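Below is one structure, written out as structure tokens; comments come after it.
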Amino acid sequence: MNSLHEFLTMGGYGAYVWSAYGAAAVALLLNAVVPLRRLSRLRAALRRKQTP
Amino acid sequence: MRALAILLRRDLRLGFRRPGELATPLLFFVMATVLFPLGLSPRPDLLATVAPGVLWVAALLAGIVGQESLFKSDHEDGTLEQLLLGPAPLELVALTRVFSHWLMGGLPLVILSPLLGLMLDYPSAAFGTLLLSLLFGTLILSLLGAVGAALTVGLRQSGMLLPILVLPLAVPVLIFGAQSAAQAARGEDPTAALYLLGALLVLGVTLAPFAIAGALRISLES
Amino acid sequence: MKLELTAQGVTIWRGERCLVHGLSFSLGEGCILQLAGPNGAGKTSLMRVLAGIGRLDEGQVSWNGTPIRASADYRRELCYLGHSNALKSHLTSIENTNFYQSITEYSSQITSQQILERLGLASLADQPCGLLSMGQRRRTALGRLLIGHARLWLLDEPVSSLDAEGVSLVGNLLRAHVEQGGVAVLATHQPLPLDGLPVQRLELGTA
Amino acid sequence: MNTSNWTWFHRLGSPPTLYRLADRLAPWFGWAAALGLAAGMYGGLWLAPTDYQQGDAFRIIYIHVPSAYLSMLCYALTAGASAVGLVWRMKLAHAVAVAAAPLGASFTFLALVTGSLWGKPMWGTYWVWDARLTSELILLFLYLGFLALNRAYEDPRSGERAAAVLALVGVVNLPIIHYSVVWWNTLHQGPTVFVGGGSDISPRMLAPLLVMLAAFTCYFVACLAKRVQAEILERERNAAWVKEMLEYS
């Protein structure tokens, strides 16, 4: 690759390549954020339950 | 061993006292097969090409639908618990139940299949392979369906869950079975597919009982 | 061989509730353990754990010293009567009893006909169980106690839907069993004529 | 079997140990994954030359191959953890299996999406009944079966054990399913050319793929660690060690 333009168009296959990477980004983010949020919510709930 | 023979006889006696219940997989098989020509087209040449696949998909679905009642009635009236506590090993009890249920549910499917084959212009010369492949196939499906039935026996709405669990596992049976029936219809030699189907049957008979017994224990444990 | 049913640190969770926590007891020959407690206290769950069907989350149950999961003869020496009568409604009482007779390994001296007579069901022997009343079905289920040499009886509400005569029948059966050195665990709300028998009480649902 | 080398195995069975181990491991693997992904994507999208046959569409393999590989790895882990849970009655093993399954399902789905997005430029259709894609689809159904069964039980402890049995039956069937689909595929279409991580691809294309594989694996370990921690907290809600731990941290 040498030019930004070529990078974006991906030799005409841009739509497919970037939607694939987009899907991957969504999947990876979701898989990371969901458990982290679940963990912090659990910890908060347990801590709240603890202090009478 | 005596206990298993007695269990088999009791199951058969129970089954034949309620013939209505036996008919459901058969009716399902017939109706499912009849739907395909209505959905596709009545032209004999088209039907002949899809006949093996249609017969096999319908038999597979009928086999799975019939499995739901495998342990249901015993679970509801408490006899399943007594079978768990009985002296006979649960794996063999499960195998006996699957066999008795197959005798009443699966075997009639096999016997009926040539009749439905005629409706779909399936060549009568290939009926032998069709019968043999469905014989193996319905046995394997009974074993796989029994694993699904054992896993869902304690659940309320297990009707929909059982096919979801079992159908992915039934893919190899469908592929080899439908393939052998199709090759026979084309006059080719179907033995390769039949051998593979037989291998699946042997694997099923040796491994499935352990999965069924384990699943039954888990279903009854809470 | 001295019979003994022991439980060490048995803990049972069902869903999010801890029904039994760290329960230990030992039940010797000729004794009865009576489980008491309100509905939902875990009597049935504990009974099923003792029978080897229910899942226990911690601890261990053993029969004559060997854990029941590994003990081969536990299932032979046990008779479990749960809430459900374990009878096929399309089979007659005699057929049901014969079925249970045939699958116990050693032939008991008493025939199915005699069992039904002892339970006062002789006249209904060839009636499909589906047509019997709840009490009559419960009596047919009690027939299982007389089959074989069950040394350990696990009875969950044995007298439910039984009339006064039935209750005393169960009392006598239990008395005979215990006097011959049998062991029994009993969960019941109605009082049973057990006076004079060594009964341990275990209160559940207070943990 | 002397007990010394098994102690790490049983120590893993104790919730606080596994929880703290997961807590320590997660950030390291998380950062390794982030760096790896950055490097791999830079290598794969910018440095790697265009493929003479497929043009730049081939760059999808840097996502497709790792997610397909992880979908298999996750199922193997789910089945393995389920076996440990059932055989040694180790409750935490079921926690790992239940944690890994949704992860595996999402990777399988990602592999299917990227596979079909790759199929469109190659064969003009989004779905090709190719052996690998079809097996991946059936694997997705196995995952969905596992998740559905696990949730169908009221009692979570029994639910995960029932799902464990299904995972074991599934893992025995997986190679058979794959073989039968390949056999069915070659019977009907003849061997299709499916370039994907084949040995003939040039080193400058292969290197980013290996980096992406490593990055995805690190990512998987980090996510799994977090999910296992959440499962452990869920189960040990009112255990003593949880109360202590929450007071300090």
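Chains: A, B, C and D, in written order; residue numbering restarts at 1 for each.
Please note the rule applied: contacts are C-beta pairs under 8 Å (C-beta built on N, C-alpha and C of every residue); 3 or more make two chains touch, one makes a residue touch a chain.
The structure displayed is predicted, hence computed values, not measured ones.
Student: Give the chain pair, either A-D or B-C, that is connected by more C-beta contacts.
Tutor: Contact tally favours A-D.
Student: Of all the other chains, whose mean CA position lies farthest from subunit D?
Tutor: Chain centre farthest from subunit D's centre: C.
Student: Where the CA atoms of subunit A average out and where those of subunit C average out, how many Å apart are those spots?
Tutor: Here subunit A and subunit C have centroids separated by 57 Å.
Student: Using the average of all C-alpha atoms in each chain as its centre, how far is it in Å between subunit B and subunit C?
Tutor: 37
Student: Could you please state the distance in Å, as a whole number, between where the Cα atoms of subunit A are centred and where those of subunit D are centred?
Tutor: Roughly 16 Å separates the two chain centres.
Student: Nearest whole angstrom, what separates the Cα centre of subunit A from the Cα centre of subunit B?
Tutor: Going by mean C-alpha positions, subunit A sits 44 Å from subunit B.
Student: Give the residues of subunit B that touch two or more other chains, as numbers and ranges in rising order.
Tutor: 221-222
Student: If a residue has to touch 2 or more other chains to count, which residues of subunit A qualify?
Tutor: If we look for residues of subunit A contacting two or more partner chains, we find none.
Student: Identify all positions of subunit D at which a residue touches two or more other chains, and write them in rising order.
Tutor: Within subunit D, residues 154-155, 157-158, 161 contact more than one other chain.
Student: What are the touching chain pairs in this one?
Tutor: Here the touching chain pairs work out to A-D, B-C, B-D, C-D.
Student: State the interface residues of subunit D toward subunit C in the complex, per the touch definition above.
Tutor: Going through subunit D, the ones touching subunit C are 91, 154-158, 161.
Student: Give the list of subunit D residues in touch with subunit A in this complex.
Tutor: Going through subunit D, the ones touching subunit A are 30, 37, 41, 45-47, 50, 55-57, 59-60, 63-64, 67, 103, 106-107, 109-110, 113-114, 117-118, 120-121, 219, 222-223, 226-227, 229-230, 233-234, 237, 242-243, 246-247.
Student: Which of the residues in subunit D come into contact with subunit B in the complex?
Tutor: 86, 138, 141-142, 144-145, 148-149, 152-155, 157-158, 161-162, 165-166, 168-170, 172-173, 176-177, 179-181, 183-184, 187
Student: Provide the residue numbers of subunit C that touch subunit B in the complex, in ascending order.
Tutor: The contact residues of subunit C facing subunit B are 14, 51-55, 75-76, 78, 80, 82-91, 95, 99-100, 102-105, 144.
Student: Where on subunit C does subunit D make contact in their complex?
Tutor: 13-15, 55, 57
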